[in-house]
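The structure that follows is given in the form of structure tokens.
A, B and C label the chains in the order they appear, each numbered from 1.
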Amino acid sequence: MLVAASLNDVIVELAADFERAEDCQVFISAGASGALRKQIELGAPCHVFVSADADQVDALIAKSLCDRETRRIVAANQLVLVVRRELLSQGPWPQSLRSSLIRRLAIADPGVAPAGRYARAALAKEGAWAEMEGKLVISDDVRGAAMHVETSAVDAAIIYFTDARRLKNAVAAHTFPPDSHGPIEYVAGIISSTMSTSRPDTTTQAAARRFLNHVTSPQAAVILRKHGFTPPSGDHPAPSDSE
Amino acid sequence: MLDIRLRKRFDAFALDIAAQSDARVLGLFGPSGSGKSTLLNCIAGIVAADSGVVTINGTTLLDTAAPSRSLPIRRRGVGYVFQDGLLLPHLTVEENLRYGWNAHGAAPEFHRVIAVLELESLLRRRTATLSGGEARRVALGRALLSGPRLLLLDEPLTGLDWRLAGRTLAFLHSLLTAFAIPTIYVSHTMSDIMFLCDEAWLLDQGCLVNRGAPRQLLPAAGGPEIDDIYNVFEAVPDPTAPPGITAFRIGAQRLVVADARPLETSPSTTMKSLGGKSTAILSIPADDIILARVQPQGVSARNVLAGRVTHLTHTETGVLAYIDVGSEWIVSITPAAVRELELSPGAEVFAIVKATSISILGK
Amino acid sequence: MLHRDDVTALLLSVQVSLAATLACLVPGVLMGIWLARSNSKLRGFVETFVLAPLVVPPVVTGLLLLILLRELFPALLFTWWAASLASAVVAIPLLIRTVRATVEGIDPRWALVAATLGASRLRILRTITIPLAWRGIVAGATLAWARALGEFGATIVVAGNIPGRTRTIPLAVWTAIQSPTAPSVVPLVIAAIALSLAAVAAGEWLVRHQRHEGPFARHTAP
């Protein structure tokens, strides 16, 4: 399985359940969705791909690497601005981003990770992208951006709600409305063939389908919520739910 | 006034010297391995002595009992002319010469040193392209130009072929005469020490075994490495000599030199080239002088000089007769000859020398 | 042929690597000479410490630098200064080793000769040791420069991968092979190789045009 970085923990938990129920081993590799797609295109062995946006999966479908019928949305997320704890009261946010209080802002790389694109879109909607560009610290994936603000290497970061919940030294100061960046939906698909496999392995393919069903089951929805994700066709949790 | 008290121990060798000297040029004579170079290295500071004191004209160079009074190498003011020359390879001749300029004290004037050592034409050259003799002269000049209080010459003639050695000897003489700097001159041959030095110390196995006037001390020193004795002396060109003849004056007598093995010019031009200088340095092997009690007639040799025996020294290999013909010469003869000719100090003798036996070393 | 971002990465690489090499130069040469000539008991310890970045994984070096910078100069993080610093730290051991080996090969008698001619330690350094070690210094600096050009692990940790500011060539290539929408990485790779070859050629030129070199000059004792 190749999964978006932000999904790592929840997929690990779901996979543990799956392994117990079925007699099947799940190997998980997480990273920026764009990078993962590139890897699949280059032949990395993969049966299930979960991206933080639809573009990557759709691109694979267009290249006949991903099975169109298996495409489905498995979860949703929100985009938040987190700042270092001691800066929280110096709001209002996000307007105070422009002030000299914030010397550096971390986001994921827009060229490689959907989280970066969402962050750029959100800043552009605020009219702040041009101004903030000089203060940006760009990380390979959204987890890296979260680490930067957690270790106080930067003053603020734009990351997913699910990552922000777990930070100790930084708190969410503002949730970006969905219309500023578009819906953040995790799209999954079964990889039908990669350049490295000559024939799809039907047993594994069947297991992969069953795993996808597991991920979209009602039991999985509980676990998703627990981690701060929104199950498909559910309501987004409010920020105050996260503590 | 040089005061040397040094002890230095190596694995197989121990140096132990304690002596003073007022000589302007002090000669150190001894076979290889006798400690001469070690002594120089200790004085210069390149090797640390185990114990001792060295002072020159009141300045302490080293004092192991009072290390604060010992000077570091760069302040000892010792001009060391190494046996290997050791010209800095990445600098030109001129840069080498100027490297230590005035480092230790008022140096002699640059152009004067260049003139005496005839280095003018070499100044732009790279050191790797110099011949052995040229490199030695540059090394000499370099040491001189640092204005040293003491000059150390480590076997400057060793390794040179006899012709070059003769020329270098002449240069050394000019140098030591022109720039009066206290000097220690090391050699394992005696003729150069006899010519250049005021006093000689004999070293053997790290110890000072004898000291005295070189001409008296060395020929009698003996030992397995005894070399041939050459009489090296200065002489003035003879103005009354007929053209085509190279001749010099010793006292009131004329010495004709054929020099069939010219150093660099033919006999006739040598005379011309000497025109600018006042004296030449000549060399006659002690073996090539024949003595007679009565004035010989009809002898093929061109030179018959009258003189007196000053003294006789008996050695393991024969007898050395010291004679005065206006210049003091050493003549080696057999004990039988001494008896037959009834030679004794004060006796009148005639010295017979072939013109071809005399070499002109330089000016 | 080269994308605008590629040119930026190229220029940034040159800037960062040159600054790193220049920063290494004086301390590296002096340390190399000291290690070659010193009799101090500390020598072994210092040597191990100074050569450590050679054997420690660059990412680990980067992490240590990150912790250090966070405490002392947080303003440097994620700037090209940090990228230069990271490159300098991983490159300097190469310079030091090369210089040390060269100086060890220089006949110690030259320094003694200079001392008898009154030269102070500083003068000996300036006029004897450094000129005679020149080849080694240039070779070491070229090596260091090449290492700085290729530095990735430590750089990405302390300086991040920020286009226009710290995205040097290695980081740009890394990003390009990850990004599904990036333009072809081939022109940049060719430019990177060309740059490295230019570094080596520059080193050769410097050695050949040393001021006192002649075609048959030898630096061994006669």
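In this text, a residue touches a chain if its C-beta (ideal position, glycine included) is under 8 Å from a C-beta of that chain, and two chains touch if they have at least 3 such contacts.
Just so you know, these numbers come straight off a predicted model, no measurement behind them.
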Practice task
Between A-C and B-C, name the chain pair that shares the greater number of C-beta pairs in contact.
Solution key: B-C
Exercise for the section: Going by C-alpha centroids, which chain is farthest from chain C? Tell me that one. Expected result: B
Practice task
Report the chain closest to the protein's overall CA mean, measuring from each chain's own CA mean.
Solution key: C
Exercise for the section: Find the geometric centre of each of chain A and chain B from their Cα atoms only, then give the gap between the two centres in Å, rounded to an integer. Expected result: 94
Fill in the blank from the handout: When centres are defined as mean Cα positions, the distance from chain A to chain C in whole Å is 40
Handout entry: Gap in Å, rounded to a whole number, between the CA centres of chain C and chain B
Key = 55
Handout entry: Of chain C, residues touching chain B in the complex
Key = 109-110, 112-120, 127-128, 131-132, 212, 214, 216-222
Problem - chain C residues touching chain A - in the complex, by the definition given at the top - result: 66, 70, 74-75, 77-78, 160-163, 175, 177-182
Handout entry: chain C contact footprint on chain B (complex, rising order)
Key = 44-46, 72-80, 82, 84-91, 99-100, 103-104, 126-128, 135, 142-143, 146
Exercise for the section: Enumerate the contact residues on chain A facing chain C in the complex. Expected result: 32, 34-35, 37-38, 41, 56, 59, 103-104, 109, 111-112, 136-140, 151-154
